[in-house]
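Several structures are given next for inspection.
Each of the two complexes below includes subunit A, the first together with subunit B, the second together with subunit C.
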Partner chain A sequence: MEELRIGVFICNCGTNIAGFLDATDVSDYSRGLPGVVFSRENLYSCSEAGVSDIKSAIVENKLNRVIVAACTPRTHEPTFRATCEDAGLNPFFFEFVNIREHVSWVHKKEREAATRKARDLVRMAVARAALLEPQTPIEASVIRRAVVIGGGISGLTAARELARKGIDVVLIERERKLGGLVSGLYVLGPVPRDARAYVASLVADVRKDRRIRIMTGATVERIGGYIGSYMVGVRSRGKASEIDCGAIVVATGAVPLKPEGVFGYDGKKVISLFEFQDRLRKGKLRGRRFVMITCAGARDRERIYCSRICCGSAIKDALLVKELDPGSSVHILYRDLMCYGVENEGILRAAKEAGIRFVSYSKDAPPVVEDGVVRVEGDVMGEELAIDADVVVLASPLVADEGASELSKMLKVPLDADRFFLEAHVKLRPIDFATDGIFVCGTARWPATTRECAEQALGAAARASIPLLAGRVEVEPAVAVLGDEDLCRGCGMCAALCPYGAIEIVETDSGEKASMIEVACKGCGTCAATCYMRAITMVHYTDDQLRSQVNVAFEEQATRAGGAVAEPGAAAPTGAGGSK
Partner chain B sequence: MCSGRVDPALILESFLAGADGVFVGACLKGECHYSVGNLMAEGKIEVTKRILRRFGIDPGRLVMRMMSSAQGAKFVEFASAFQDDVAALGPVGSSEGIDAADAKLRLAAARNALADKKLRWVEGKWVEFQEEGNLYGERFTLHELGRMYEEIALDECAIQEIRLRLEGRELSAKELARQVRIPAYRVLRHLADMRRMGLVSVAAVGDGEPVWSSCELEEIPAA
Partner chain C sequence: MAKCPTKVADSFNVGLGERKAIYLYFDQGIPSVMTIDEDNCRYFATGKCKVCEKMCKKGAVDFEQKDHRVSLDVGAIILATGLSVMDPTPLTQYGYGRIPNVITGLEYERLINATGPTGGHLLRPSDGELAHRVGFVQCAGSRDLNHCDYCSSVCCMYSIKDAMLGREHDPESVSHIFHTDLRNVGKWFQRYQIRGEEEYGIKFVRGRIAEIQHGPADNPVLWYEDTRTREVASLEVDLVVLATAALPSLDAKELAGTLGVKVDRYGFVLTDDATPSSTNVKGIYACGFCKGPCDIPESVAQASAAASSASTRVLGNK
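For the complex of A and B:
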């Protein structure tokens, strides 16, 4: 075996890391670890200077393993893997240590302990690095067809965009008509827009496009496969069919909560905002005195979240009422006003100018709706108001669609605590799922305005089009392989437990054996941790690699107790390090 | 790394490497990034705790907590509680009233038991069963599966511990029974089985009571 030449780079992240632990000490310490031939600090490892410094250090010192102790692999693992590759090293010889999120940011007041922890983590990484093996990404071909589930604003926008990029689309809608929730609305805010006209123009575009096949009255029954090659089983008007596609966009929306049991809701004089819009649209609105109550059924114990769209929509509707009948009176009772952005601020100002009254109430003293009167303890004035009302309008939140659970199970993607679809990462990967090739947009993901939904739909279409247009995709090779075929007894336990259906039992010359579908495997490791024969190896996360880390985890503490290793010095961080 | 990847044997390796407690963090139920890896982990942690208990080691040293990446405060709470609890327990053995060398031997036996085919098989079935939920209805409940597991685990753990206790030592069944904390008749039954498998042999017959010793690994006949 070639000689180990490990290089360790300790990033200062400006003062983000070096301000809270002794980075110089960690760098000096690393140099004494087995196999380490080089170590240095970088001011910002991810900067151009940092990256080129690492690259030249790899070449000059003939490094064959590279460790960067910096921030989260979520953002910069691809950066440093590429750096290794540029320097002629297999990218899987790179190992990341997170000493920012896992150390400096969480131990800001414990400099010495933080330094010790950073040493521990680097030592563990060095142990693992020694056992790393070169890997090549797995390649798979991609069927150039997308399935969009849900034909509301989001699904329609995503389908239209995908088709414009030259991708075949199958749009699956559960109802008999396209359009989703917006079809039932009147005027959209904050900038007034005719809801039905908006839907109609989108539907017309989608119908016109020959790349888009529309299936209405259709339910998804089965989903199988993996990025590049999914199979969606649909039943449409009694007939079952299977659609092969390379990617899936989830745009199944949400539904407005019917505020049963809230503020005396009766569907007649006390109605939801959705019903109010319906009356407005149909010209069936009666009465001159209106009281709107926001957060009706939201931000309580059952639904702690803010539905974001109700405040703005209520204000817009209040303005509509005032326009229709300037002599009418409108009160908006609110807990907080979710009224973000310049345009919403604008309609809020306009509403105040139009004489719409805003009364804030507290959660502990909610308004009481009686026949024709709403009593509320005004938060600001502290006095009880009795407001006459012909109609009370409850702005209730959007809640997750009931079918979301079933669909999430079919797709094998998670929901959050409120049963909305949960993206791979709220900030870093907001439209992706952890499962490759499946994307989410619109209110299926979280309550949002139509404009936000359309933006997300464009985003989802853009993300999905990357593999769809490339026609091939590279998948992380950290997957399960049958490391020792002789050991496998073909018992099928792994196949039964794999959450992704990535294992099949096949007949071979030496009996039944497990066989992994590389592209379908997400590398969760369940199979390897379960196989009683230990026949399965997790590539890049082998038992030996994990054990090597665990085995050295407590090493330094032992030596330190013996006094062999000096306590980290209290010297000020050099900051500049090896970076220019 | 998914919590579903956490091999029970690896948990024991950690204790053997010097950990006084092991914390496994997982996604919230229904929010697992690998779909259901956390549920698989839950099953594995449960059986590992049972094995620790079997060896007289406080199962509180192994903690699994579920949280989402957005619940930083919760993680701090869990981590701090874990830290405090484990600090209160002290090194493995101290709160259990066993000396360090004995604790180490028990951990090694537990690791061997958990790494062994037999327990892994039942453990896999356990997890598989949990996954499938009540497919078997009332006739075969989780409770019963637990009992079955206990029985198999009891034997497997005893056998692994006897092996380690006899390494380089000769002991009588009575003495083994005391050390392994099970009745002498069970020890004798295990010894008989183990002799058949070529794992142990009678070293000498002392004052009417035979003493046993372990066989070298090479002597184990191929299965």
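For the complex of A and C:
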């Protein structure tokens, strides 16, 4: 066997890591571990300088295993695997240790213990690295068809954009009509635009595109498969069908909260902003004195979040009223006016110029709606105001669609605490899911203006088009395999438990056996843990590899308890540790 | 770089530190290649020096390199020119440039950054002492009819983040954020604000700063009306951070003129709500802050949107 030459790189992450543990000590310590021939600290391992440093260290020291102790594999494992590959090393000879999220960030006030924990984790990684084996990614072909779930403006925009790229699209809408929430609105903001005309033009584009198949009155019943080859089971107007596709875009939207129990909502004189829009559109708005209350059911204990669009919508509607009837009076009671950006702030100024009154109230002293009058402790004036109102309008938040929960289970993608879909990374991957081949846009993700929905929809179409147009994808080879077919008794427990439908029981010459669909497997390990015959092996996470980590974790503790190993900082191998 | 005799203010550190005339833009800059600042290099000024050329063993320094024009035939152009920030000197009530311990949000970012000029310690400009008491002034130039009448959108959140970082670096740090509306409208932003208040001890004060005075020991003194209590009060702090208005990048208007792209009166690229990545010129698209204030996730989503529009065009389907 080839001699082990392990290199260990300890990332300082500026002060993110090195500020809370002794990175020099960890680096020096790791040099004394079996098989380690090289160790070094990097200020930022992921920077171009850090990466090229690792690369040249691999070449110069003939490293055949590389360990980086840094941050999260979610963002940086691909970076360092690519670094290994560039240096001529199989990327699966790379091992990541997370000493930021798992150590420095959570042990900010325990420098010594944090350093010790980082040592433990690196030691465990070294043990595992010794047993790593080269792997090659699994390739799979991609069906050039996308399923878009949701026929509101986001889904329509995404479907149209995908079709324009030459991709077949199946658009699935739960209602019998396309258009979603916006088709029930009147005028969109902040730049006034006719809601129905906008929806109509989108629907017309989608209808005339022969690449788009529209299914209305359709519900998704089950979803199986993986990137490149998903199966979406749909029931449309009583008939069940299956659609094969390579990628899925989730555009299921959100619903306006009906503010029952909030500020005396009765649907007649105290109505929601959406009902107000409806009356405006139908010309059925009665009254001349209007009081609008924002954050009606939002930014409270039950719904912590701000729904982003209500302030702007309320102001836009208040301006419509003033335009219709300049003599009317409109008060907007608010906590913070969320008029972010250029256009929202612009309509806020216009509203003030139009004579719309703004009264700020505090969360602790909310307005009280009585018959025909709203009482509010205007906190800027410090006096209670009694404002006469013919109609009270409640600007309530968008809330997650109830169907989101079930759909998320079928897609095996998560929801956040507010029941909106949770993207792969809230900052850096806002329209991807962590699961490959599934994307999200519009208010299914978070409340958004129509412009923001359109942006996200175009973005989701772009993201989805990458595998669809490439025609092939590479899938992580860390999957379950039937390591020992003779041991398998074909009991089917693994197939029954697999959350991804990646195992089937097949008849072979030697009886019934499990058969793995590699591309569908996510490597969760449920099957291997279940198999009482130990016939299943997890590639890249073998029992031996994991056991080696556990063994060394406890070994050190035993010696430490016996006082045989020096504490960090006391006498590190080169004496450099603890110098700070 | 080590041997270069010329030191100039480091523009990456918004002038807070120094760099040499031959320099790396910043540690994580891409490409990671040294460049020579022609305006400040001794050789370009006097015709003598070339120390860097002599020192470089790999012969990578080339004084003969010239700018050259490149013509590219392309099917689409994406504008992603980002933003610049307002120089707060004209906001004379805040004393920027006059009171030493009044700095901008960007300057704070460099001070609190591990690779910044102070190694991540919040050392204030006047005496290099650690600043414990920090006042954040929101809407410095934004939502101001005399300067930028729009909302810069990102300052409420970054000030909270900066105040949190301050507390993480220094347990004695106390930050006051003086705001008008707190516009934290993005995903999980309200939770972040609550965390800032409850776990990091940030004090939120609703009120615009009327004036900052030069107090004893170079401490800035903030004068304001707390609009919740309707009291005029003052607060002495070690350091003031101005959340300065965000503007389109400096040459955005010129670039737009060259391309024939329409911009609004501030210089932000105009796009339609229904086709939000397309400019008025066919084949030219835009994303990010050059279209108007937006945060990172919005910029990322918009970038994918612009890429989509451009690729649809280039792929020849529309």
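Of note:
The criterion applied here is as follows: the second predicted complex is superposed on the first by the 536 of 580 C-alpha atoms of A that agree within 3 Å, B and C clash if a C-alpha of one lies under 4 Å from a C-alpha of the other, contacts with A are read in each partner's own complex, and residues count from 1 in each chain.
The rule is simple: a contact is a pair of C-beta atoms (placed from the backbone, for glycine too) under 8 Å apart; a residue touches a chain by one contact, two chains touch by 3 or more.
These figures come from a predicted structure and were not determined experimentally.
On the superposed subunit A, the positions of subunit B and subunit C stay apart, so the two partners fit side by side.
In the superposed three-chain model, the partner touching more residues of subunit A is C, compared with the other of subunit B and subunit C. In the superposition on chain A, A:I6 makes contact with neither subunit B nor subunit C. In the superposition on chain A, A:C524 makes contact with subunit B only, not with subunit C.
In the overlay built on the shared chain, the residue A:V426 is in contact with subunit B and with subunit C.
Of the two partner chains placed around the shared chain by superposition, neither subunit B nor subunit C is touched by A:I143. Contacts of A:Y532 after superposition on the shared chain: subunit B is touched, whereas subunit C is not.
Looking at the shared chain after the overlay, A:L546 reaches subunit B, while subunit C stays out of its contact range. Within the superposed three-chain model, A:Y500 lies in touch with subunit B and out of touch with subunit C [touch as defined at top]. In the superposition on chain A, A:D416 makes contact with both subunit B and subunit C. No C-alpha atom of subunit B lies closer than 8 Å to any C-alpha atom of subunit C in the overlay.
When the two complexes are laid over each other on chain A, subunit A has residues 416, 426 in contact with both subunit B and subunit C.
Across the complex, subunit A meets subunit B through its residues 106, 412-417, 422, 424-426, 434, 491, 493, 496-497, 499-500, 522-526, 528-534, 538, 541, 543, 546-547, 550-554, 557-558. Of all the residues in subunit B, the ones that touch subunit A in their complex are 1-2, 4-8, 10, 13-14, 17-19, 27-28, 30-37, 40, 44, 68-70, 76, 115, 117-118, 120-121, 123-125, 127-128, 131.
Per the touch definition, subunit C reaches subunit A in the complex via residues 27-32, 113-115, 119-120, 143, 149-151, 153, 168, 181-191, 194, 227-228, 230, 264, 266, 268, 273-277, 292-294, 296-298, 300-309, 311-312, 315, 317-318. Note for the complex: subunit A touches subunit C at residues 12, 14-16, 18-19, 43-44, 46-49, 52, 108, 161, 164-166, 188, 191, 193, 198, 201-202, 299, 304-306, 308, 336-346, 349, 360, 362, 379-382, 416, 420, 426-431, 441, 445-446, 449-452, 454-463, 465, 469.
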